[in-house]
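Labels run A, B, C and D following the written order; every chain starts at residue 1.
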Amino acid sequence: MPVMNDEVPDEGDYDAGRARGEFDNITPEDFIHGGGSGHSNPPGWLGREDIGRIRRQVPIPYVEIVPVRTDDLGRVSQVGSLLRVSENGSIERTLVTGRVLFHETLREAIARNIAKDLGDIALPLLPASLQPFTVAEFFPTPSLSEYYDPRQHAIALCFVVPIAGDCKPQDETLDVEWVDPKSELMETFISQMTNGHDRIVRQALAWAGV
Amino acid sequence: MPVMNDEVPDEGDYDAGRARGEFDNITPEDFIHGGGSGHSNPPGWLGREDIGRIRRQVPIPYVEIVPVRTDDLGRVSQVGSLLRVSENGSIERTLVTGRVLFHETLREAIARNIAKDLGDIALPLLPASLQPFTVAEFFPTPSLSEYYDPRQHAIALCFVVPIAGDCKPQDETLDVEWVDPKSELMETFISQMTNGHDRIVRQALAWAGV
Amino acid sequence: MPVMNDEVPDEGDYDAGRARGEFDNITPEDFIHGGGSGHSNPPGWLGREDIGRIRRQVPIPYVEIVPVRTDDLGRVSQVGSLLRVSENGSIERTLVTGRVLFHETLREAIARNIAKDLGDIALPLLPASLQPFTVAEFFPTPSLSEYYDPRQHAIALCFVVPIAGDCKPQDETLDVEWVDPKSELMETFISQMTNGHDRIVRQALAWAGV
Amino acid sequence: MPVMNDEVPDEGDYDAGRARGEFDNITPEDFIHGGGSGHSNPPGWLGREDIGRIRRQVPIPYVEIVPVRTDDLGRVSQVGSLLRVSENGSIERTLVTGRVLFHETLREAIARNIAKDLGDIALPLLPASLQPFTVAEFFPTPSLSEYYDPRQHAIALCFVVPIAGDCKPQDETLDVEWVDPKSELMETFISQMTNGHDRIVRQALAWAGV
């Protein structure tokens, strides 16, 4: 069953709250200006119809974050993944991901999405450079690419972000699980990721030299 | 005076053809499906109103290419820049840049934009990896970032692409000029670029070790 | 049986010619200055004893190249590997690799090692930037790292280099074989590589997004 | 006047202690095994003659670190540089730099050199990936490259490392100074660096998007 959050409706990265229809009478401007009715949506947030239409017209920029724990020499000692309730009600394993909002910097998008999924005291150590370790192109056509997103054509800039603080699952996130990248469990976790997120983890580990 | 091209109206990267109004009765779908009336617009091309509206709602993904000539050891021996007629009729120096269209891969966007500006026999050597040397975030608010684009919030993935063939200017491009990155003329050319494109050239040269 | 090459003794990347002893009366300076007796060793080449001693005192800088064929959009369509006779007489699959010589640039080292293994008309397209996709640290202690080199502590800067020309095996190289990175044969080839070169190919493919 | 440190003689990155001759009767093995006479040299440390000879025969692998302070979004807010006494007794501005010792990993070399120059509570945040932002090739011939090192041919892997703790100058380091990369003082500091270290700072800032 989807986890709801009536105060801060998520725009629809995983759309768990999308079926509710409670925002049908709110104009996009409410969301763009971040205002209205006590909702604390970030500026740039769009209504369901608007984002739905735009998603059929232009590629949508995303950030995708592989959260890691590192040791004192910077080596990746643990890789984090999220358990979430997907649109169809099943549980899925995924990464921290979300679209970049209008007038939001990439760094703000990374920090906002980490806070949304891992909580406010995760203390992410954002990279000094915005050079992503890879760019994943998700297409709504299954066969076109190994990255598949039925909702949209998304261009995801992928970053490895060390997490120095404590994580507590937020919103639709049921749990955050950490695993040693050299353990057998890592393979199990990767195999549970779908639509190309598994590939992104493998590329992150290759890039980090694990 | 803007250079027009009646057969292949450009969607508006520099909007030279935007004032004509001749497409007002063409629906966005015509452009999304790349069809209609003998026009050879690429699939994903959008009408003026559609792209204008979307540009106020979401960040737009771009590719920005620094064309270079390299010697037999791969060192950058020349850097290319374009002379174009800007929207206000003045001549500006810029790079090869364009937005990524719906359902278009980054590689296709790079190749298409190079062909559009440098012609079909430029023989670009696209990089083996899509890891950009930097990501430039253009905002419509002048003070927010050193990258400024009055039309939109654009997220530009920046690549250095060696050009092995011959270039002939296309469409709104008046000329393609090459300059030795170690010459004094390089500084002059960079100083003629505006809105952050100068920064991108400097970052490209730093990345290439010139 | 090792393949010998009396005219151009290889310094010992694979040391096939090292047992001969024919250079015992040639001083290191002969090699450093690239001279002497009709031999065409490159400047910086060291005698067996010298390089052997140094290898126990400092890490040795290497370049390691994954040769690829790319299509017109820059995507890796084939990955090359070499079949060589190893020191113990068995045949091994490996990459293009060699140490950087004194007073030699990285670009020269890359070009020289490609020419040594793939011939003079391989037409390698060296990268515009010297940022390696990874750095592999080989240690002479088997358990210390997944990269193992019994001869030395080597620090290998790893590059993917597209090959545009024709290859003909040189020196100790018996054959150059190309394989589609998406084919099953790729896995077979990778599994035949040892001492960490398999890892480097995997990291190259992850970096190239294959 | 050079700053001496009798307890932990530095091998000679800046050779302040090299003129003393007090180690003439210590064999290289003492240093390779890190032992002897109460000295706490790291394993792999070489005697003056040994390292001097090797420096004329092979390129020497180095790490070069640009220390930075970052804000909570990972942006570089300050760049650190060191004031040191050079071999000829003058004061020079430089970065954290040192060679990689035999059997030492790059991460250990980065951590050791930061501790050597900035102290034990600097709390450096080493990068998750060993992909350097650039590789600087120093040659002993002034005209060959913009990176010049009269002692040797050095291949320096360059990293930006955020410093989270407190710095206190160590050994030959007189002071550690921090400057806002957007301030005018940054240009002054860069202009005070010589032999190519200025270039490395510029490349670091370009890579970090400052």
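Some observations on this one:
Basically, a contact is a pair of C-beta atoms (placed from the backbone, for glycine too) under 8 Å apart; a residue touches a chain by one contact, two chains touch by 3 or more.
Since the model is a prediction, treat every value here as computed from it, not as a measurement.
Considering every other chain in turn, the ones in contact with both chain A and chain B prove to be C, D.
Compared on C-beta pairs in contact, B-C and C-D come out with C-D as the pair having more. For the pair chain B and chain C, the distance between C-alpha centroids works out to 39 Å.
Chain centres here are Cα averages; for chain C and chain D they lie 29 Å apart.
Counting partners per residue, chain C has 105, 129-131, 133-135, 207, 209 as the residues that reach two or more other chains. Against chain C, the residues of chain D that register as touching in their complex are 28, 32, 44, 46, 50-51, 54, 56-61, 99-106, 129-135, 137, 139-141, 144-145, 153, 155, 157. Considering their complex, residues 134-135, 202-203, 206-207, 209 of chain A touch chain C. For chain D in complex with chain A, the touching residues are 68, 70, 72-76, 105, 107-108, 111, 125-131, 133, 160, 162, 207-209.
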